[in-house]
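Both complexes shown next keep chain A, but they swap its partner, so chain B is in the first and chain C is in the second.
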Partner chain A sequence: MIEKIKRKVLEDPLFGYFLVAPIVLWVFATLFYPLLRAIYMSFLNIEFLGERGRFIGWENYARILGDKEFGLSFIRTLIWSGANVLLQIILAFFAALVLDLEFKGQKFIRNWILLPWVIPVIVLAMIFRWMLDPSLGVVNYVLEKTNIVSSPIPFLGSVDWVMITAILVNTWRWFPFYAVMILATLQIIPVQLYEAAKIDGASPFQQFCYITLPHIMPVLVTVILICSLWAVNVFDMIWLLTRGGPGNATQTFPIFIYQKGFQEYRLSQAATAAVFMFILLLIYGTVYLRTITLEEK
Partner chain B sequence: MKKLKVVVLMVSAVALVLSISPVYAKNPVKLILWHQEQPPHRVKRYQEILDMFMKEYPDINIVQHVQTWGEAYTKTMGAIQAGKAPDFQFTTPDFAANIKRSGAVQPIDEIIQLLQEKYHIYESASAPYHYEGHYWAVPLYGMNHLLYYRKSVFKEGGLDPKNPPVTWTALLNTINRLVAAEVVPHGIGVPVSKTYAGDQFIYSLLVTNKAEHLFGEKKDEIIFDNPKTIETYEFWKKLYDTSPLGSLAWQWVEPQLALIGKETAFGIILGGFLGHWDGQAEALPEDLAAGFVPRPEDGQSGTVYYSNGVMLYTKDKAKQEAVKTFLEYLFQPEVMGYFLNAQPGLFLPITKEASEADSYWSDPMVQRYADIIKLEIEQSRYGKLYGFTRDEVNPNIGRIAGQYLLAQTAQKMVIEGVSAEEAVKWAADKMREAIR
Partner chain C sequence: MNTVKQFFQTLIKYLAVLLLLFILVSPIYWIFVSSFKPTPELIRVTPTFIPHTLTLFHYLGLLKETNFMRYFLNSIYVATGSSLLVVILTSLAGYSIYRCRYIGRYFFFHMLLAIYIFPRVLLLLSLYPVFAKVNLVDNLLSLVITYVGITAPFNVWIMRAFFTSVPLELEDAALVDGANRLQILFKIFLPLVAPGIAAVAINSFLMSYGEYLFASILIISDEYKTLPVGMAQFLQGYEISWGWLASGSVLIILPPVIGFAFLGKYFIKGLTAGAIK
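Entry: the complex of A and B
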């Protein structure tokens, strides 16, 4: 009898809805509501928090699109995320391949490679601020002592250096995370495939191209998507390292939005920029996944 | 029916008795205080003060909640909107101006008046909170700049350590002399990042050149683009040229460490520097000296001066009364002295009485740097804060301060290589846009 009821309940579609309801509600409360709220705010003229605002139609959109700094922050975001994705994926890929090999200390490195990702970002940023300081930092000290440079480099204090420096620091933090994801996939490729390929006379390069790569491709696709979306959204590392400066040299979208909303106190304009960012990411994600799906077909 | 009446009467009588009974009276008034002073030693000192107060006034209970300055605005506004605002909160003048827009900040004239009757509150401390006919916060402590240097560096350069440069010209000459003699590699640490550190350095120079007003007589008239401001930025650039590489990213700590590490001869720094200097192996208390921020020959004594205060949100009369009682307690010179030494050297007295309190001067660190702290207190009387130098305050001042436009102007000169005139004009336009 109990078994019968159990089966009936489990087979009832309502039970499925009941199970997913909490997460749906959670996603709505934490994702959709803020998003809808931001879209709503982008049509008002709210400046300071707590103001009700007045409907002004597309005025904020026109203003943001006409803002030179918005355009520049868009270009910076492209540079920032493009470079981050490229460097992080390449490094993660090679790190995963190396960690998949058998060598002494492999386990130790596998365990500790995640360290940069585990350290709180505030601590990392502070450490790098000091290490990269031209007068007091260890990096310039080493570079000068080894005659690699003749005078110190203002890594964070020069518009020429700051973007690449911030990219490298962020890459250093994130690539181990992706390396572990790729490594996990490498570990589940059946060894027999490599053995069979060896018997057939396949070179290591051919094994890589025809066995390894196809197997890790699905996870690589996901990792690239996650990496690019997260890279665009990075706020904490840039803010703590450079505050978007010097000048506006590292002012990416999130920094632009924060500064508009909480330094210039133009909340509706900040919401408008956030809506733009959301639309661009949505387009990117959709196009990316579509392309990959079509290629797979 | 009769029975019901009797019951109602009895219940009413009991309620009446309870309401006036000592048991009820003993229920303390509960106050929530928000502040943004996160370092553990400051929190600890505040708790000591609160405990002392609550021991003396058991009918008032105050709980401190610590916020960060970074999230103070959003949290406060969120709390106000949710009807969960604290009863009172520590503030700075521009923060108060921003929050006041919400309509939640209560005028505090009665408390200020009461305190002014008892104590000599420095005008420079209370003025930034007085506008629209009311006081919006009670000042608690001030912060300002001095010109710091090492006596040993002066001696090594053949200079008299008792005579720091007083004028802009003298400062540049001294820097050139010390750098040329290779006593130090650089002149002065100039923070240029888009932070209050960058803004305040420049503002101190603006005050000394009598260019302290961002606004004209009318609160919506920007007068930043004037010859005095341009002249100040031109001088600033000369100082920047003597600053170590990478100053564009410098915030608060870097100029301090540069001075401690003998990288620079001078630093125009807030008093919190004493805490960093103190206890450093290479920094002896007796080697540190300070002077007023140098001024032009035709200039004036001055510095940026931030008075941190406390503003009131609660409309509850009993709670307002309790806050008043607490502030009266806190302003007692000996209590205030102890309170200020939550951060010796940085938190400066804002009343004449507190500046003479034994509890203030008995702190070991204050004793070690007594001469410098006396100078700080003296200098604070000439202090100013941008946007708060007139009787009227533009409600959008937060936008100018929030964007760090003073520092941005300097960055423009360095990064884009534009003249001081162009940079100042750009900043003035940005300010006009900000208050529109």
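Entry: the complex of A and C
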């Protein structure tokens, strides 16, 4: 009798659809529809906002592929995301290992480690523009006083430095997020494993390689995927720190598309570049997940 | 011998903790003390690590001479509105996806996660003409609509742990007592998943409060600008007022930090549970 009621009520699919409908419709209207529309736009020749455009086939694609700046921004995107993922994971690992230790104030820091992530990007841009300023910035002052450098480094003003600076600032914002996720897995590794390893005479390094790493691998895979997808998509941090400059040195895909679309007003070409970016992300995501699921089997 | 070794282990441990603390806190400390320094001290070639004199000069200037308060209220409005809507949408969707059985629920779940490979600039390119058509450009509502779409899917994932941890027996008992599913959702689930709602609320608030990309294009007139777009103007030009930037930074940080102080632990719980599944 109870089973009957339960089955009847729980398996009423209409109710489930009814509850999930609002979010699905909302996401469809604000994300899926614009995506399709942008793909459509990439076949038109819209030159300014509000223009209807005319169908021109693959012309935009040919033009974008022949654009040298587009190729360069592709390479910059690779450097930007690769370095971000690497540094963020390393720093997140360090933070997670530290927070896994017993020390005074550990609970407090565990809660507040997300502080850099809580602060809006515009504030981070202002803070680091201020700290890294060549003439007034505290970072150059300390570096000069300690004789590490002889003349101030133009962190955000020179082509040689700006990319690495932006990468470091972005890393500072995001590593806590992944540290929390990695810490979560560290905490569910059974303590007995370490105790047994100690009795067998394993060094801390061996313990790390044979116990910690294998346990963390599944989460690390997820973290690397999320981390790289988000890194490729970063716009505001780069834009507010550098505006893509100096001399396009930090012009990654999102910056390239934004400038094409909203500064040069070549909307269709911007859409084409964005479609390329979408396809690359799609391929990356699928291949990455495929490889991982194959390895697990 | 052993005590020496232990001493060094403790020393290294606390050095690592200090290093982590330094990385996390030093930039925030620096902007905080800078905001209270009088201008001559602020732009001195040898900076003072502990300010000699404290002043509210920059704060008063920022509030009186700029539109900061306007931007601030706009940001709060947009973030609160989006956060409220996201909470409603994700509570309903969370219950549906994690607790109801029907064909297609996994599809919905994956669809919601898949949108994170959509480049945001791509969405902006085609959202602008759509909003222009319905006269919502230069209107804060367009931001609310967009932010809900962008932040809701990730928050469905955050809700997962909270919904799946409610024991099945509770639901069964209520069913036997003759409650219908809507009553179960509102009377049993919502109180139990309150921490999840808190996590979603703070997360979507933070994401909408600091969003720059969409706000920079969809808003045109100064009176509707949000904090990120309004403050970005101060970063341009040759004469940058560092005092305003510093005091503005501190004021902008306040609402997120206060919110996080109360609700942050729930978000961390959701993120943690999501990571280990």
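The criterion applied here is as follows: the second predicted complex is superposed on the first by the 264 of 297 C-alpha atoms of A that agree within 3 Å, B and C clash if a C-alpha of one lies under 4 Å from a C-alpha of the other, contacts with A are read in each partner's own complex, and residues count from 1 in each chain.
As a working rule, a contact is a pair of C-beta atoms (placed from the backbone, for glycine too) under 8 Å apart; a residue touches a chain by one contact, two chains touch by 3 or more.
Source: prediction; values computed, not measured.
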Side-by-side fit of chain B and chain C on chain A, or clash: clash
Which of chain B and chain C A:136 touches, first, second, both or neither: both
Partner chain in contact with A:262 - chain B first, chain C second, else both or neither: both
Partner chain(s) touched by A:109 [first = chain B, second = chain C, both, neither]: second
Chain B versus chain C as contact partner of A:227, first or second or both or neither: neither
Touched chain A residues, chain B compared with chain C: C
Which superposed partner A:118 touches (first chain B, second chain C, both, neither): second
Partner chain in contact with A:27 - chain B first, chain C second, else both or neither: second
Which of chain B and chain C A:19 touches, first, second, both or neither: second
Touching partner for A:254 - first (chain B), second (chain C), both, neither: second
Which of chain B and chain C A:87 touches, first, second, both or neither: neither
Superposed model, chain B segment overlapping chain C, candidates 75-83, 201-209, 291-299 or 327-335: 75-83
Intersection of chain A interface sets (partners chain B, chain C): 49-50, 129, 135-136, 262
Residues on chain A engaged by chain C in the complex (per definition of touch): 2, 5-6, 9-13, 15-20, 22-24, 26-27, 29-35, 37-38, 41, 49-50, 91, 94-95, 98-99, 101, 103, 105, 109-116, 118-131, 135-136, 138, 141, 172, 176-177, 180-185, 188, 219, 222-223, 226, 229-230, 232-233, 235-236, 239-240, 253-254, 257-258, 261-262, 267, 270-271, 274-275, 277-278, 281-282, 285
Residues of chain A defined as touching chain B within the complex: 48-51, 129, 133-136, 151-152, 154-159, 162, 242-247, 249, 259, 262-265
Chain B to chain A touching residues, read off their complex: 73-74, 77-78, 80-81, 98, 101-102, 186, 192-195, 244-250, 254, 257-258, 261, 263, 396, 398-399, 402-404, 411-412, 414-416, 434
Touch list for chain C against partner chain A, complex: 13-14, 16-17, 20-21, 23-25, 27-28, 30-31, 34, 43, 45-47, 88-90, 92-93, 95-97, 100-105, 108, 111-112, 115-130, 132, 145-146, 148-150, 152-153, 156, 172, 175-176, 180-181, 185, 206, 209-213, 217, 227-228, 231-232, 234-235, 240, 242, 245-246, 248-249, 252-253, 256-257, 260, 264-265, 267-268, 271-276
